[in-house]
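The data blocks that follow each hold one structure.
You will see two complexes here that share chain A, one where it goes with chain B and one where it goes with chain C.
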Partner chain A sequence: MKKTVDVSIPLGPIHPCFKEPARVKCETKGEFVTGAEVELGYMKKGIERIMKGRPWQEVMFLAERVCGICSVIHNMVFIEALEKMSGIEVPERAALLRVVVNELDRMQSHTLANFSYCYTIEHETLGMYLLDMREKVMDLLELITGARVTCAYIVPGGVRFDLREEDRESLLASLDAIETDVRRYMGMFEGGSLIGLRSRDIGILSKEAALEAHAVGPTARASGMPEIDRRLQHPTYQKLQFTPVSRDGCDNFSRIMIRFDELLQSIELIRRCSALLPEGPVRGGGIPGAGEIVYCGEAPRGELTYFIKTDDAGRILDISIQTPSIMNIEACCHYMLKDAASIADVPSTFVSADPCIACTER
Partner chain B sequence: MSAVIYEKDLTAMKYAILVSGRHDRVVREIAADLQVGVQQLRRYIIRHFDMMLMENIPARYEAGKKDDSLMEPVARELGMELYTRYIPLFGKKQIEPVIDEVEMLVAEGKPEEEAIRIGKAMLGEVLSR
Partner chain C sequence: MTLLQSIKNYVRSKSIHVSYVDVGSCNGCDIEVLACLAPRYDIEQYGIYVHNNPREADILLVIGAYTPGWEEKLEMVWNKIPEPKVAIAIGNCPISGCLFNRPHTYIDPPVSKHIPIAASVPGCPPRPTEILNAVLSLAPVVFKDYEVKKR
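This part shows the complex of A and B:
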């Protein structure tokens, strides 16, 4: 007779499906997963400690180095927090250009997340298509900001560079091509029977559990919570009449599909920005001063919060960053992975929450 | 047999998480609420929580404070939901007898505020064991 034994199965810290090192310790009974724990500490940067005591001019570059995937939003939230604290106004054109760059950053982050998921469930073809599409988005980021990853595009009182008319046309033309690709890949994902088998009804995160763990971003919105989106509170997004998307599936499939939905939404937002883009300056000026603030923004993975305290010279006295991956990884390990039917679903479920260890270990 | 590579003692790293600005504020708030020493609470958390749950303490605490679904005043004041679901310091079986006892004290005529204070101290004792 076959024996069923209780064992602890550690995944990682180095795992072929994980983008970054983390150790997920799964408690199993036979092939059932009864619980999971996460061990961190393999890439701690101590970046918050490095920021303390430095002038804001240095910290704005450090902020976008918290995460290599969603660097734009770290730049944006840090600068907007300083602006709000010091009453610095941003020209309309610059505010819209910030949204354009932020949405491009969201697009490349979501595409990378969906690539990782497809790669994890062994659908490499779709994964490679998605990576190829991400390159087009990265090229657009480079076109506008001059850099692919750490752009430092957003500065107090505006943005670093204006968008030339020929670049705007090129951006819109590329977005048309990307939209066609997204719709094609969405169809492939939605209709793929093997994808469905590996993704539907797997890694369930109920609405109650999402609330309990304070899950944010697409992870929360895939559990039927459209209101969990900080863009709703952002003045520029309000002008663009932004409405969040959500799904009720609560499973891996919904989390991937909502990122596809948000890709289309980002394209639409960029088009709206482009249509509303007024003539005018992109840098209004202004120097951050003393103050204390808690400021949130919507990163690709969810709510990103900066707690900042500065002195008269704009030096950072205290700073604390709450990244969305903290909440989402916790929700993943303590709810999605708990009672999983198979250990084989653990890597894909973990990846479906789009975990960013760099963000978690600031 | 060679030494383990990844099975490390995580106490120092867990402590580093707990003494960071936001975590420290929340831990001190909970310790004051439950009338236990800060170090005592830190030790309990380090023993019972994994690193990810510890990282998420401030966000969970915030979510727990906002949750107003619990209607019974005594249970709400004692942090029935906050300390069992959001910050899982206690099991339901540990907190329910305390709630019963506090409700009994209130029924016997003790002012509710004092009865809650006694109940919180009883919860604090659970952490000290």
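This part shows the complex of A and C:
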């Protein structure tokens, strides 16, 4: 059958709403979007090609720079894969500190995603509130690790610095303030009638479609799939009795609300870690050796997988990374954007899936 | 100095439009540019307005190490910006390629090979205050008495 397309509207690569270059080509019939396609390839740096043949001490920093927003989880998954492969034990205190830093990173990433969404639907006030809250989280990250973005905090056999007692107290005090803020902004987002008009029942990704597109992370959890969370398989999270959250809304509104839910959950997890934090060393030492492993972790955007093969000296012979965003972009273009009522909903729906182009293309 | 020139100088000092383009970074510098928007740094108090439209921009922030996907496209973006214009490189990537500039990479740094770069802010990533400082210190140098200097 011949397809009737009125106009093919390209959005991007430079677009006021997109933080990174990606091109979304929408096939429209009047204002009605019949289908969308995404064109990637503006950010391909070939990180995996650079990584091959290099010692793990260098690859560690390259792995961190796969994505600047969720750098801690890339560091964590790469180092934990090496540790599991070579049988390196991690001290209890270091394992809990890793979770603290990882959850802080998740908080800043989710806040940034929600800021982008609010900015895209032109609710700039709430966006600025969220961005201000993100700075508080970044301060905590800097307090613990010493850097704002690329901190290289996690090393084989432990973490780089210990958390001092006075820092722990200020961490908990700041978390109380952040929790009050999150609850206030959640109420604003939930109660805003205009926000509801722009977000509810827009960009529907049903559970069947999410399964079919292999959606991961908050995008899948907003379609009622809590079991998708890889943190359930992580030993430290199991010790903390972690239970994932989910929502059944399947629309843009649920995808933003689930990130707010996860912010509160992260705050709770950090509090639990802080209560359990035992005395002891934070660096056990250990040198990665030869082996081959596939290791998964839960990035802020979903499941992150590393396949690593090393030789005796710890040089990376082969590596491949699967990042979560590619599945979410696929789900976004082929299921959410299909049958969108207006072209104005396209950027907000695309941003609500929280695509990270730098991760996707590497 | 003519009256018209002094009016132009005054207006330009209070309204600087910034556009940013990511030509293959890790995203770290992108979010540090975005963090400048936050009320803590409040880039708009200096009359700087960040939006992503090259046709209205005065300053282009170039982030990233110039990937093959941007060949000719970055020059197109640069040509769309009206005069007077200036480009600032943010982060180590546009200067040297940072740690992506290794054998077997796809990138082609520095960005100054492709478009004229007036200033660089090194760092991986630089702090928002440093980005703000670079924009604020460069803007008067370039935009003040632009027509006089051009002659």
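Criterion: the second predicted complex is superposed on the first by the 357 of 362 C-alpha atoms of A that agree within 3 Å, B and C clash if a C-alpha of one lies under 4 Å from a C-alpha of the other, contacts with A are read in each partner's own complex, and residues count from 1 in each chain.
Throughout what follows, a contact is a pair of C-beta atoms (placed from the backbone, for glycine too) under 8 Å apart; a residue touches a chain by one contact, two chains touch by 3 or more.
From a predicted model like this one, the values you see are computed outputs, not experimental measurements.
K.L.:
Both complexes share chain A, so when I overlay them there, do chain B and chain C fit or clash?
P.N.:
fit
K.L.:
Just to be sure I read the superposition right, which of the two partners does A:Gly41 touch: chain B = first, chain C = second, or both, or neither?
P.N.:
both
K.L.:
Where does A:Leu269 make contact in the superposed view: on chain B (first), on chain C (second), on both, or on neither?
P.N.:
In the superposition, A:Leu269 touches no partner, neither chain B nor chain C.
K.L.:
Which partner does A:His15 contact after superposing on A: first (chain B), second (chain C), both, neither?
P.N.:
second
K.L.:
Can you tell me whether chain B or chain C touches more residues on chain A?
P.N.:
C
K.L.:
Quick one: classify A:Ile50 as touching chain B (first), chain C (second), both or neither.
P.N.:
After superposing on A, A:Ile50 lies in contact with chain C but is clear of chain B.
K.L.:
Applying the touch criterion given at the start, work out whether A:Gln322 contacts chain B, chain C, both or neither, answering first, second, both or neither.
P.N.:
First partner only.
K.L.:
Identify the partner contact of A:Arg148: answer first if only chain B is touched, second if only chain C is, both if each is, neither if none is.
P.N.:
After superposing on A, A:Arg148 lies in contact with chain C but is clear of chain B.
K.L.:
In the overlaid three-chain picture, which partner chain does A:Arg65 touch, first (chain B) or second (chain C), both, or neither?
P.N.:
It touches chain C, and chain B stays clear.
K.L.:
Just checking: does A:Met138 make contact with chain B only, chain C only, both, or neither of them? Give me first, second, both or neither.
P.N.:
second
K.L.:
In the overlaid three-chain picture, find the nearest pair of C-alpha atoms across chain B and chain C and give that distance in Å.
P.N.:
6
K.L.:
Need the overlap of the two footprints on chain A, from chain B and from chain C, as residue ranges.
P.N.:
In chain A, positions 13, 41, 44 sit in both the chain B and chain C interfaces.
K.L.:
How about chain B: which of its residues touch chain A in the complex?
P.N.:
Answer in residue numbers: 6, 8, 10, 13, 20-22, 50-53, 55-56, 58-60, 62-63, 67, 85-86.
K.L.:
Could you please specify the touching residues of chain C with respect to chain A in the complex?
P.N.:
On the chain C side, the touching residues are 19, 21-32, 34-35, 37-40, 51-54, 64-65, 67-70, 73, 77, 98-100, 102-107, 124-125, 127.
K.L.:
Would you pull the chain A residues touching chain C in the complex into a rising list?
P.N.:
Residue positions touching the partner: 13-21, 41-47, 49-50, 52, 54, 58, 61-62, 65-69, 71, 112, 115, 128, 131-132, 134-135, 138, 148-150, 356-359.
K.L.:
Of all residues in chain A, which touch chain B in the complex?
P.N.:
Listed in rising order, the residues are 10, 13, 23, 37-41, 44, 48, 211-214, 307, 318, 320, 322, 326-327, 329-330, 333-334, 360.
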